[in-house]
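Residue numbering begins at 1 within each chain, and the chains themselves are lettered A, B, C and D in the order written.
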Amino acid sequence: MGDFIAAAPPPRLRLGMVGGGQGAFIGGVHRMAARLDNEFELVAGALSSTADRALASGQELGLAPDRIYVSFEEMARKEAQRDDGIEVVSIVTPNHMHFAAAEAFIRQGIHIICDKPVTNTLNEARRLKEMAASARVAFVLTHNYAGYPMVRQARAMVQGGELGTIRVVQAEYAQGWLSQRLEDTGAKQAEWRTDPSRAGAGGSVGDIGTHAFHLAGYVTGLQAESLAADLDSFVPGRRLDDNAHIMMRYAGGAKGMIWTSQVAIGHENGLRLRVYGEKGALNWAQEDPNYLWFTPVDGSTRRITRAGPEAGEASARISRIPAGHPEGYLEGFASIYSEAARLIRGAQKGEATANDVSVPGIDDGFEGVAFIKACVRSNSQGANWVRLEH
Amino acid sequence: MGDFIAAAPPPRLRLGMVGGGQGAFIGGVHRMAARLDNEFELVAGALSSTADRALASGQELGLAPDRIYVSFEEMARKEAQRDDGIEVVSIVTPNHMHFAAAEAFIRQGIHIICDKPVTNTLNEARRLKEMAASARVAFVLTHNYAGYPMVRQARAMVQGGELGTIRVVQAEYAQGWLSQRLEDTGAKQAEWRTDPSRAGAGGSVGDIGTHAFHLAGYVTGLQAESLAADLDSFVPGRRLDDNAHIMMRYAGGAKGMIWTSQVAIGHENGLRLRVYGEKGALNWAQEDPNYLWFTPVDGSTRRITRAGPEAGEASARISRIPAGHPEGYLEGFASIYSEAARLIRGAQKGEATANDVSVPGIDDGFEGVAFIKACVRSNSQGANWVRLEH
Amino acid sequence: MGDFIAAAPPPRLRLGMVGGGQGAFIGGVHRMAARLDNEFELVAGALSSTADRALASGQELGLAPDRIYVSFEEMARKEAQRDDGIEVVSIVTPNHMHFAAAEAFIRQGIHIICDKPVTNTLNEARRLKEMAASARVAFVLTHNYAGYPMVRQARAMVQGGELGTIRVVQAEYAQGWLSQRLEDTGAKQAEWRTDPSRAGAGGSVGDIGTHAFHLAGYVTGLQAESLAADLDSFVPGRRLDDNAHIMMRYAGGAKGMIWTSQVAIGHENGLRLRVYGEKGALNWAQEDPNYLWFTPVDGSTRRITRAGPEAGEASARISRIPAGHPEGYLEGFASIYSEAARLIRGAQKGEATANDVSVPGIDDGFEGVAFIKACVRSNSQGANWVRLEH
Amino acid sequence: MGDFIAAAPPPRLRLGMVGGGQGAFIGGVHRMAARLDNEFELVAGALSSTADRALASGQELGLAPDRIYVSFEEMARKEAQRDDGIEVVSIVTPNHMHFAAAEAFIRQGIHIICDKPVTNTLNEARRLKEMAASARVAFVLTHNYAGYPMVRQARAMVQGGELGTIRVVQAEYAQGWLSQRLEDTGAKQAEWRTDPSRAGAGGSVGDIGTHAFHLAGYVTGLQAESLAADLDSFVPGRRLDDNAHIMMRYAGGAKGMIWTSQVAIGHENGLRLRVYGEKGALNWAQEDPNYLWFTPVDGSTRRITRAGPEAGEASARISRIPAGHPEGYLEGFASIYSEAARLIRGAQKGEATANDVSVPGIDDGFEGVAFIKACVRSNSQGANWVRLEH
């Protein structure tokens, strides 16, 4: 298994990072993911917008002094002038800074790996899409859950017709960590996520709802048409939603429900997807990611295991180790990076961006922002139905 | 444990049954439930509206020939005239016949155990409520899932404040048995449930949605105010909904989602309730009924077991056997019957109906019909929000 | 499903009971089991060897005064003289009284339902076997776990060759309720089970080990040849084993392990059986009894559900309700009773005892006593290998 | 969480590898593990004893041509002469080559990371222990399951007295991948593991039994005194055991069972440990490694999650990401590497080897070999009891 991943040849791609300095969570995840398959070497960073922290963070990571930046604009400009300048940048800042950073690097022809939601407005997302296309820059969005092998297996089974026409999609992303007013305790992760000026208009719908929304579409291939969203801020004083109930209608008649919550005590990172078709059904949970449960219409439920006897090529391509040896979150995240590497190497050779990887990109970013906007708009209209923009 | 149930003294209550003849599923369940705790003796029946089947069914059950009826009206009249006439009747017909049967027996002062949904219209439900009250007749509705010990445990924990103020309720009742057009194959259970003239206006929302709706209210004590329901008949040609997505708003600000489906392949009888409060959360599944999962806001998830060290009085009262010896569906159903017996014996002594049992009654029946009506009305208005009648 | 059970015709068999008075656990279980399918009517009892308790217990159960006995010998004699005397007796006393009681009733030609282990010595077991045969009396042993539908399914799959030749059997029966010195607290259930004069030579191996041993043989059809058993009494002062580690060798070369414990904190009634053959494997757990997990050698693990699409005739015959509606311990116990009824009715018509039921009998009782004896003998010889008597 | 791991400073340790060339499984695992936390840089290798494969493997990994070796003796000698020579070597060959390789590098004062079982004889293991001590070389054994955070949590809970005195240990390591004669199909992994000349005297007991044995001791701190082992080669023609049933006796009176199998269809990598003490019990499974189930003697079972509210310092030190984001096999393996780095850096500063890491070492290697030897000896004596050498 995992021939695709194992076959990675040297040399590694030169990687820069914007955000992800000391105290950040996701920056470290990106670095471990970039390292796992040995496709990237971190050589430059604008790791914080605070000069002291940017410097300390860069030193801790062993960056050369002249490649530790405070300003990402300066980093983009200077790296583009170096012979050994970065080939790709990871943008892992809070949401509101994604757009400006991405814009600066695309201008320099540097490939992009960016956290979601990609921007705070649809116009910005559209603008990035146009820029990336015209600059022939690869734009990878870290909808990392698409990097789990059994998510690929699910997607392949839907594509292969094993479920028949999809009728119902049940997606949920439940967490409990914001069930109390954590943002007042100095917890950095809670602070920016509950602050509209940094997180954007969506609270839980932006932070985790976009993942659930993306996963549903990624696996089923369904296009969302309209939704009704009932958002709440259950924790007193909170300015963004911490719970959302959403009904979905997809093109072609499938229906869905999405529940997203950060006040759901008992859930840690409870992303779950269930898909029901005419011929079968699938059930997958992020916290138990090596298993995919499949029920054919007239048979017993089967537990398909990663690298096991019924796991096909789509999952094998991003598996590293045998069945029964659990791969987790970092491996899934790393698969996004490794596919990004393949995409970038292809782009460097002038290949069209369409290829054999299934990594989320700027189009998914646009759809995610459209989802957040639709949720907020629906909620402001009494949780009634609104259409998503495309 | 189970002192309440174990202490049942003779003699047994004389029971009649309307419906539940050969070929019916739920009639046999009622009889086993009635038998388990030895509180009832079946002595009369109008088991079918078809004379032949009524006779054969009665003989098979060993009823005396003069107490096998074809007409429930006749049964009500004649039994009321006997010294050894029935004290209570179980009404287990398809939904559309509940009202007339209940009316006939209440008129004779005979206590009622009735399947849900109680009637097909709100007016009928209201009428039965008034009649039962004025006749001082006990009216028990077999929302049988309320008879599971761990449902009682959950209810007691909410009442005891262990969850704090409830914020979110997630209820689902998923089945897959109608994912194909079973009603055309001669399957009696599928036929009447998909026929508006017998099942009423609700398909899955009536048959199983009422259970999910009731369970949510039973455990949390929350009063539903409004809902938005998106109903589908995914199987071509089906006249009633086989899938429903419902968003709920409860008095006081709690929100809920209910998913009910009979096309959800992979689910057999997948009733699940999850409740999230400020201080803790609960998770219970009908298919694994002896466990209740509880997470306090700052602690690990705990598995509370029926008759185990953290199961309290409310569950112990309806437990029969020690922890680890699973009680199932029939035991839960039997607990409804045993509580009905207690209620009836109390009524026979002239006690007020308020007592220490927690058995669902005609009020719950009214609410269930209101739920169905609201779902259908919302759906016909584009799945927009409507208020429930009370 | 469940036609066999549903088809039970009146009149009911007249049942007596020895033991099972107030304070007993298993007596109530037998009565509920006897009642569930309406095959038996309890009409007589020697419910306690203490006169007061025998009387009070009989009254509470509504027995006629002249059929409440203190002495089982008297009961056997007098009931045999009545035209309406009992046809079958349930013996639910502590172990040491099984033999004398069984002997008394067999002498009168009364059929026997008896708890396990059947006797405290092999000679007694052999004697009962001979007596029952010569008196043409049905002798049913309540190895109740054989009454679970999915145990029947497992047995049928082994018999049908779906596992191929069996290689390995892993059985365990773990409980935690005796992890402290409960027998000193007045707990009746703990007292007699830890007292060699009442329980016999085996503690956990007798009380629960016999169940695990029987289940392994019942499902696989394998004949145990020898074993090595390492017994412990971990709780200070306890006189019988509360934990046993046993290695098994079966005829034909299969090997097994049995773990039995009553000091295994965290387990309530943790009976589990796993069987591995050349072509597939099975996994079943008593606490989750409606599921049987099957893995074919080259495929994914499948969850076979009671009354589900892959459950065959053997399980259907003792199922009462549809898939997803859990049947539990009492239903499984009741199936033993219902099969006993079929056996007795057959015997009453002069049919040979061989028939289509799969209910454990006196042969299984003998094997169970041989198992206990072998465990104790092996342990006394340094936990070395000994052969089982047959 | 994970401060220990996050704080790793540059520069990285220079790493060599013996074995692990193309076609090997575990070599790639070691490299990913070494990379994840950025503590090591692979700079030299004798990746195969076949010259062509050694060269191709080294090139694929980007090693400098002069640091690709065919002979590990040459590698040890030449690397020791370089200023930039390797500081540590990973030995990932089949078992029979561990000793000679380890000896060669210890002689040069190069630190060792070695796969298990450490050697094929006790004398060799003893010799390595003496050599490592005298050369002040760190010797880390990749009992990688000790690198799972929840294994550390379990160990800390036992050490902290939360279970009281341990009574019973149940360990099992079940796999099904050798249930058929895979070694005849050209499968490299199956070939050497079933060949006594390469794998040593133990089949499943050596390959996976040593892991189960080590894990039991690692978590409980118990010292094994004697065992009885019944080994089988169920697959016709197989020369080493593929199933083993083992009863254990530990110093102080605790008892254990170990089941190890490679013919257990349905298990992929089923390592499970359950520990029962006077005050509580623990349950952990490798395939679901982020959870540890704990039951206190008088309470409900609790699910302790990695990085969750009840996970303590011992697990937090080797956690990288928040609760609910599953860490898997590679992360656990990487923790062994990161602790090895800490140990080596300490040794380089002249610190005593005793420190705050809990990484398995040469002593564990000796015990593992003693375990294999005892199993084989017991089995050859009729599966009777033998003492382990220490």
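Just so we're on the same page, a residue touches a chain if its C-beta (ideal position, glycine included) is under 8 Å from a C-beta of that chain, and two chains touch if they have at least 3 such contacts.
The structure displayed is predicted, hence computed values, not measured ones.
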Chain whose average C-alpha position is farthest from subunit D's own: B
Fraction-based call for subunit B against subunit A, same above half, different below: same
Distance between chain centroids, defined by C-alpha means - subunit A, subunit B (Å): 44
Intercentroid distance (Cα basis), subunit C paired with subunit B, Å: 34
Centre-of-Cα separation between subunit C and subunit A, whole angstrom: 55
For subunit D, residues contacting two or more additional chains: 301, 305, 308
Of all residues in subunit A, those that touch subunit D in their complex: 6, 9-11, 25, 28-29, 31-32, 35-38, 60, 62, 175, 267-270, 286-290, 305, 308, 320-331
Parts of subunit C lying in touch with subunit D, wherever the complex brings them together: 167-168, 170, 172, 176, 179-180, 228, 230, 232, 234, 243, 245, 247, 249, 253, 255-257, 259, 261, 263-266, 276-281, 283, 293, 295-297, 301, 382-385
Subunit B contact footprint on subunit D (complex, rising order): 298-305, 308-310
